[in-house]
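Consider the two complexes below, in which chain A is the common component and chain B and chain C are the respective partners.
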Partner chain A sequence: MVRYLIRRLMMLPLVVLGVTFLLFFLTQRLSPEMRASLYVKDPRQMGSLEEVIRQYGLRDNVFKQYGRWLAQVARGDLGYSPSANMPVAQAIKQYFPATVQLALVTMVLVVFFGVWFGVFSAVHKDRWQDTLARVISVGGFSLPIFVLGLLLLMLFYGKLGWFAPGGYSLQTDLIIHSGSFKMYTGFLLLDAVLNGNGRVFIDVLSHLVLPAVTLCIGSFALMVRVMRSSMLEELGKDYVRTARAKGLLPRQVVYKHAGKNAIIPVITLAGIQFIRLLGGTVIVETIFDYPGIGRFGVIAAQQLDIAGILGFSLMVAVLFVLGNLLSDLLYTAVDPRIRLD
Partner chain B sequence: MDMKDTAVLQVCDLHVDFAGTGHSVPVVRGLSYRLKAGRVLAVVGESGSGKTVQALSLLGLLPPVARISGGRVLYQGKDLLTLPDEQLREVRGQKISMIFQNPAASLNPVLTVGEQLCETLRAHRVISRQQARKQAANLLQEVGIAEAEKRLDEYPFQFSGGMCQRVMIAMALALSPDVLIADEPTTALDVTIQAQILRLIKNLQQASHMAVVFITHNLALASQIADEVLVLYGGLCMEQAPAAALFAHPVHPYTQGLLASLVSVRSKVERLPAIAGQPPVAGEVPSGCPFAPRCPHATEKCRAELPVLQNRAGRLVRCWREEQK
Partner chain C sequence: MFQNRILKRICTNKTSLAGFILVAFFGLVALLAPWLAPVHNKNNPYQMPQKSYAIAPQPPSGGYWFGTTEQQYDLYYGVVWGARLAFEIGVTVTFFAFLVGLLVGATAAYFGGKVDEVLMRLTDVVFAVPSLVLAMVIAAMLGPDIKNMMIALTVVSWPSYARLIRGDILSVKQRDYVTAARTLGARGPRILLRHILPNSIYPSVVVASLDIGYVVLTAASLSFLGLGAQPGTADWGQLIAMSRNWVLGTAQNPFAYWYTVAAPGGAIFLFVLGWNLLGDAFRDILDPRQV
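Up next is the complex of A and B:
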């Protein structure tokens, strides 16, 4: 087990190096002048452009520059992001918890409803309940996220005014920066609980509803389909017949026996979806102006903020490897036949 | 009529169909038998003869494609086929239990053996987890599994096929049922293991005075365990007789053919005799005797008209030749 972990973690630097080098190489397509101009705030300073280029070695060989970036990263310095107007590391620290929060709420919804609907659909195979569940899931699957997101925003914010975009309201902003509100974790929902502040909790949660629902519907559809087919396969197996022959309740046969086997492929899917959500739910965060890491990534890309782009992709690469590892570890918890070594 | 002759389970005119495209296909056609307490009835037949289907229909375990189109299955005066689900669950695993052909696949791969044993006990008895676990360990010991306590925490993949079948047997016998339905319990196992499992079933059956429906395609196995044999062909009972009588003197040409194709250590034959032709494919059931196309004695009458099952001195035979005698 330990050896397996070590071997898997050795993949981490390989993936990270591959991804960041590729991106670094691409950013070199921009001329040194373009890259340097990002750090010039005032047009009157344009004369010092050459000085900036020389200072940062922007004309050096790409490997040399990449090596410099790596050395800098190794010291824990991801550079300064002009688009976020703060160091990249600080931007990640500030925006990432909001995305994690959104991803977690979304995944809980997706897994809970996806598994439940999938089982429901499989148990009622070819009856109207199944057809309904399939229509809903295909419908959700075919509805583009940007269309659904905008529709929800128009209805629930524009017309009804129930859920506002953004991460939290102005009042909450005042409270959390007032000094009496302690940021223990950076996760606002959790911090609100730790501070015992119900108003902040409800406010943050209500800002999560629309983006979470939007994200949920696309992933949910896939989850239902995987769970349904996996469940149907398991329900046809011999051990299910044994379970019924023993006189167990239908609930036990379906959930305990078939369900525990059918959930295995769902875990992989949930793992992949969760990582995708963590890596920035770019469209949704942009539509709902949600202060997450995805929005940070998009703005960095739009403004050619190279340090921001590299920092963002470095984070996504690390998440990708760790997330996959985590879902493999989850397997062993569910399926005793899988041993990691 | 003494205790031994009372039937614990009675199957009356059971009909099972499979839903085909547009029409349904009969798989079991009017099967009847009485299972006496403490006796072993072997149901013998080739693949597709309906032997497994009839067994599954007793406990309502048929796949969705199958439909019971007629008949009754009487247990303690109640018809299992019309029993409400809740009452049927009481019977399943407690009064009538079942073991299957493929023991390794019949156990849930992601639950420990102990859990699967305990849940059977707890489905029908109000006992604590510790009590269930203790009983489960005793049961494993009873079916000949060493270090039972330790093996409770293992998973089915850590058991061999023979051991899995022992676990299945322990599970089936956990609540001392009146009837055990054993559907080809040794088919997937090595020959040496087959003999062990057969002996185990026989011993446990005699110890608990339980009735057994032993389903097999193997006449030799049937001869080792059965008190009575029922020969099934094309969903029809061809011959039913006490085991000794049937093996000593088979009446139906199909039974004769089956017995003739058995290998004996004593006999020295160049080539094993076999029954010519193929068993009928369900759905192409001939109007006459289903065995007629393969029967050496078949006449026009056999091909045209289905023989009736008739009682001939304590045995049931379905053949027109018997009529003439």
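Up next is the complex of A and C:
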């Protein structure tokens, strides 16, 4: 177990080096002037790029440059992002909590509705309810999130005016940037609770609804499927028959007995899906103009902001490796029969 | 006989039949594109014709069945030729990704040891970042156009085939007939090409071809983000990106521009749905454990 952990953690630098070198190598196609932005720390420096190019040897070979970039990163300096108009490290620190918040709310929706639909489907196996659940989940899986997002925006913002795009309203913006609102964690929902500010909480939550619903569609289908088959397996077991024979209500048998055991694979799947959601946030945050790390990455990519792109990719790679490791550990925690070595 | 059995299974199952019909329909549209929507620009048939330079989209009317986008690109032309482009992107990317995967997977499985270790760690690196994010970043660095987008998609897709093929070869490598060929004095490359590959490659070929829907979806996402096809290209993702500014409609009628999303959104949804339904059926057929 410990050996496994160590081996997996050793993968981390390998993966991060691999991904960043690949991207760094690709940046060499761009002119040194464009690449200079990676090393500029202050917007005022942008005036004299030639100096920056000379100072950092941007015309050297790629390995030398990459080594220098790594050393800079090791010191915690990720460069300056012109697209976000702030240092990359600061942009990540500012945008990241919003994305985590979005992914968490999405996961709650996915697990809640996925489990409910899955049980519903399993209990009515091979009847029209089951077919309906299947059609909805396959349909949801095939509907591109950018199409769904636009449709929801059209209906719930354009027509009904319920949920606005963005991260929060103008009033909330004024409140959280006033002196009286303290940013304890950077997670706005949590900070609103800590400040005892109900209005900010509701406002932030209402801005999360559309992105979260859009984002959950892909994972939802998978969740329904896993819950359904897991539930069917449990319902066929002896203890369920015993419970039924004792004369328990069908609802009790389904939820208290079979449901408790059937939910185990769903929990581990949720762990894995949580990390996968990050890919989807890129699109969802763009559609809803949600101030998260995904939108930061997209804007950096669109504007060829190299410092932003490299910083974003570096962060995603680290997060992904750690997340996958965590979900592997979760497997062993939930099911002791699985051993990692 | 093998093919017959699969065909029969597909035709008897309602959902897989629906998937087959959808994919076949789009295949037909793609093939017949020059007749369904006569080419407007001979040098680049994927360039959509433009009615005028007026900004606001126009609803469906006589000559423009699906309406027009902003700057008056013909949506009907875009959706029809978009089907052709979708197949072109899907097939090209899957083909090259499979080729690279085959090369890497076969090399890793055949040589084993250090070579295997290095090549598999390489696949880990690509797997370590969500494919959409990695493709997005690579496409941005290469510069947004369709060819670069296809390169980016190939770079992120090959590792899964490499792993699949490696696994299949490793299991076939142990079979008796391979040992028999070796004892008869056959050399390495001959064993690999004549004995191992033909017996291990088919499941991967099927899996790869069913990924076409997913590749097209990712490609459309990139175009939507402005990192794939450029404005004016008959690409579904691009058409949806062009509708983004109009989904909120006007103050009087929030659904005023519904048609800008409807046609390309419907096309991509049905296309991906078709492949997914077909994929489900094949997974059931290929995996005999599931009944």
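Note that in this section the second predicted complex is superposed on the first by the 274 of 341 C-alpha atoms of A that agree within 3 Å, B and C clash if a C-alpha of one lies under 4 Å from a C-alpha of the other, contacts with A are read in each partner's own complex, and residues count from 1 in each chain.
Going forward, contacts are C-beta pairs under 8 Å (C-beta built on N, C-alpha and C of every residue); 3 or more make two chains touch, one makes a residue touch a chain.
From a predicted model like this one, the values you see are computed outputs, not experimental measurements.
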Touching partner for A:L143 - first (chain B), second (chain C), both, neither: second
Which superposed partner A:F320 touches (first chain B, second chain C, both, neither): second
Contacts of A:L174 with chain B and chain C, given as first, second, both or neither: neither
Touching partner for A:M1 - first (chain B), second (chain C), both, neither: neither
Dominant toucher of chain A (residue count), chain B or chain C: C
Which superposed partner A:Y157 touches (first chain B, second chain C, both, neither): second
Shared chain A surface residues [contacts with chain B and with chain C]: none
For the chain C and chain A complex, residues of the former touching the latter: 15, 121-122, 124-125, 128-134, 136-142, 213, 217, 220-221, 224-227, 237, 240, 243-244, 247-249, 254-255, 258, 261, 265, 268-269, 272-273, 276-277, 280
Of all residues in chain A, those that touch chain C in their complex: 11, 14-15, 18-19, 22-23, 26-27, 29-30, 138-139, 141-144, 146-147, 150-151, 153-154, 157-159, 276, 278-280, 282-283, 286-287, 297-298, 301-302, 304, 309, 312-313, 316-317, 320-321, 324
Residues of chain A defined as touching chain B within the complex: 236-239, 241-250, 252, 256-257, 260-261, 334-337
Contact set on chain B toward chain A in their complex: 56, 59, 61, 63, 85, 89-94, 97-98, 100, 102, 105-112, 119-120, 123-124, 155, 157, 168, 171
